[in-house]
Amino acid sequence: MPIFDLKDANAGYNGRAVLSNVSLRIEKGERVALVGRSGAGKSTLLALLYSQRRRGSALIPQDPGLVRTLSVFHNIFMGRLHMNGAWYNLLNLARPMRGEIEKIEPIVARLGLEDEMFTPAGELSGGQRQRTAVGRALYQQGDVVLGDEPVSAVDGHQARLVLDAIAEAHETVVLAMHDVELALAYTDRIVGLNGGRVVMDEPSAGLTRGDLDSLYER
Amino acid sequence: MGQGWKPLGNFIRNIALPAIVSVSFVTAALAGDFVFTAIPDEDETRLRQRFDKVAVYLTRELGVKVRYIPVKSYAAAVAAFRNNHVHLAWFGGLSGVRARLLVPGSEAIAQGYEDRFFITYFIAHASTGLRPADGFPAGIAGRTFTFGSKGSTSGRLMPEFYIRKHLKQAPAKAFARVGFSGDHSRTIALVQSGAYAVGAVNYKVWANEMKAGHIDPAKVSVIWKTPPYPDYQWTIRGDVDTVWGRGFKARVTRALLDMTDTDLLASFPRKSFVPAKNSDYKPILDVARSIKLID
Amino acid sequence: MRRSQRVSTSFGFLGVGLFCLVFADLSVSTLDPWQEMARMARGLVTPDFLAVDRLGEALLQTLAFALVGVALAVVAGFGLALVFHVRVVRWGCAFVRAIHELFWALLFLQMLGLTALTGILAIALPYAGIFAKVYSEILEEAGPRAANTLPAGSGTVSAFFFARLPDAFVHLKSYTFYRVECGLRSSAVLGFVGLPTLGFYLESAFKQGHYSEVSALLFLFYVIIATLRLWMRPRLVPVYLLIAPFVLAGGAEISLDNIARFFTHDIVPYPLRSAEVLDISAWTAFGTWTWELLADQALPGIVATLVLTQIALVGSGVLTLVFFPLVSRRFLGPVGRTAGHAFLVVVRSTPEYILAYVLLQFWGPSMLPAIVALSLHNGAIIGHLVGRFSDELALRPDHPRGLNLYAYEVVPRVYGQFLAFLFYRWEVILRETAILGILGIQTLGFYVDSAISEIRLDRAMFLIVITALLNIAVDGLSRAIRARLRLATTPEIQ
């Protein structure tokens, strides 16, 4: 039973086609990178995958989808709203609970956000926001994570730490990435998109940087 | 720790709870006073001050607490009377008839000395060339015309009756444009400025405005006077005797008829009050029915 | 593409407005306005604060009705906004806000009498409908991205309080603040029908030509509006609300009998009141009653209302574009802006009714005074909002100045917002035409007012419902146009 199974899928905005005849199967435990030029359809493909299987999937969108007036703590806590009752969630909104803080502290520390735990997300830098969004996905602990450029605004060393954390927390990983080196290093399957079509689908092992260059040609 | 999200708590504490508390307090009411009102028709300045004096007089005469409440319109006065928020009211001819139809058992108990033969003046701007005459001024047809308030006897009911009678048409058809100024003083101002060519006005207000120097006889003048008709009166609810004791209605009537203080009478303004009864206003009811202002 | 659609819509409305001018009666018939105008001018410069009976009380009551009414509406509107997707709620809200607060006051006067609750509900009811709609729109527009990332099964309540509310809060707050100003205006205007607010004395004084008293009341009201930001502090709101009942207390008793009578007798059409259900002649009479009301009052009323509304809408738009630079940081220095603010406060806080009456003295009875009064009033309100919006525009440092700045940089950027405000205001203008019946313009409001002054509540209710339906239609049209002018942002999966 595959986790995702698309057959000849099409998608678009306002009548303009973005994906055409995309077929894609992803099995449990796979680590997949979606690569391609901007506008190739990666984000749309991720959105399509997410709409297929929302339950159990954690999403890290490109726009990090944070609530600007809430703190890093609350934004991360939102990853588990579904696991608590509404009253518990509301109480924790008005006044963070000791237990929740203790659970979220290690995640915040791992992402290097320990000083910003109670800073409103709107006051963070771009990289900090992105890490907060990752924190939300980590806390959610879904068996699948769908990430759209989750480390694009994070610098090299920290990017690797963040990707390690993502890989550890989720069984199945699908990440759209523009950094080819990182894609090769952290995933075991590369799906290349160009002009809304799947033009490459191969295991990472054995692929080199150069093999992917063709994806970036018109 | 100050780490929670504040606005919601603030909203509940600062707005939601106080609002609910506030509204529940507001519904508490004063009850038990004998309340009267007067339709706002002539001089509206310092209404409260003037009528509070009348309330003091009635409190003394009747031995119960009497309160005056001001109202803004004929309809509001009738509604308050009907809802038993007001037990005694100084109505116009038409509003009194309406109120008594709506409140069975209510009675006209006194009227102003002048109200037995009230008159409406038709006034016209000088540019119309209309001259004062004894007969109905048929020359007003086709011009612009303003009544006073829609619910007024002298500013609406009687003039409309005579217009229909003599011009054989509804005002909206008989004139180029029909307006309702809302008030007698304003009718005078509008005709004086030429905004309307002709208007209908309560004769007592005309006299007051003339005395106050607000009227320029070169611009606006009276062109016709209606035949006399009964107008303002005091009307009392039929159930006052059961609430305030037997004979209460009679005592109120006496207190009104005995009012001799010119200062108090000037509030109305009337020379004195004389006895009245419902049947005195039969002509008003007939006229109102005939021009379909009452179903 | 998007721009041109906005521009073509604007020209469409301009065309409709011009077309309506053909049917509008715009004749100028006054011969000699100067004597009355001189008295008004004299009154304006010699305000007499002592002439007003119980001025302080009227002032406090105006504040109390406005604050309690708006606060109640905020609470109810917020609750309704949460369930606004339910069709019945949406329709109910459309209906209550489609009726002008003056008409609500007149209806409540019949039911509850001159009680404090009459005034509070007259404000709270339509405002709750407005809040429900606007709050739900603000919440919908806030944070769809955050909501989209929530884990499946987060629950509507949690999702709402975490993903929607926090980022919407600042917008909710600023909109609510704006409505407080509207609430004060409404509260003052409720005096026209008898609640003891400033409008009570304003109308009396105006009617009788005591213009020094009029100007005293107006000045006082301008000061309240102009200083709103100073005294309207979140921390003080509970204090105000808890003092309010003491200011408002002392009304008459609320009687359930009166309320029951209102529903079971007063608003039942006259021919059906005492008839048996199967009485054919009563139903025939009811048919005639309905037909006469439709043909003689409702239909001509609708035409006059729409003609006046469409012209006034265009007029408001044109004046907005003239007015907003007066309060914009982009065009004027602090001194100029203060003068601009003062001007707009005066124009927007003077009740339309008073503006129209002053203009009536100039031009005589026709649609003209009403059009100009409505355009000035609404132009000043939207101008104020657009001016504030333009302050927040980020312009490049080397931007052009003067007319070029206006035409090339500012107007194109505020245009979308300008249209949005204008279309929101559309239904408000429609409602406001109601209270200008005094000018002899026989709008729907004129006939409603007539029916109420004849104590024919059945007719009044019938016409009010028609007015409400017309409002709902305009509201729907305005929503459709606003939606069409905005590009879709959600992907459609094929």
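A, B and C are the chain letters, set down in written order, and residue numbers restart from 1 in every chain.
One rule holds for everything that comes next: a contact is a pair of C-beta atoms (placed from the backbone, for glycine too) under 8 Å apart; a residue touches a chain by one contact, two chains touch by 3 or more.
If you're wondering where the values come from, they're calculated on a predicted model, not measured in any experiment.
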Whose C-alpha centre lies nearest the centre of all protein C-alpha atoms?
C
If every chain is reduced to the average of its C-alpha atoms, which one ends up farthest from subunit A?
B
Most contact pairs found between chains B-C
Counting only Cα atoms for the centres, state how far subunit A is from subunit C in Å.
47
Please report how many Å separate the Cα centroid of subunit B from that of subunit C, as a whole number.
29
Rounded to a whole Å, what is the gap between the Cα centroids of subunit A and subunit B?
75
Give me the residue numbers in subunit B that touch at least two other chains, ranges are fine.
5, 8
Among all residues of subunit A, those touching at least two other chains are 69-70, 74, 93
Overlap residues in subunit C, where contacts from two or more other chains coincide
161, 166, 169
In the complex, the residues of subunit C that touch subunit A are 143, 145-146, 148-155, 157-159, 161-163, 166-167, 169-170, 487-488, 491-494
Can you name the residues of subunit C that touch subunit B in the complex?
29-33, 35-36, 51, 53-54, 68, 71-72, 74-75, 106, 109-110, 113-117, 120, 161, 165-166, 169, 173, 191-194, 196, 200, 203-205, 207-210, 213, 234-235, 237-238, 241-242, 244-245, 248-255, 258, 270, 360-361, 364-366, 437-440, 449-450, 452-456
Subunit B - residues contacting subunit A, complex:
1, 3-5, 8-9
Subunit A to subunit B touching residues, read off their complex:
69-71, 73-74, 93-96, 118
For subunit B, which residues are in contact with subunit C within the complex?
5, 7-8, 10, 13-23, 25-31, 35, 40, 43-49, 69-76, 78-80, 83-85, 98, 102, 125, 127, 144, 146, 149-151, 177-183, 185-186, 189-190, 192-196, 214, 216, 219, 293-295
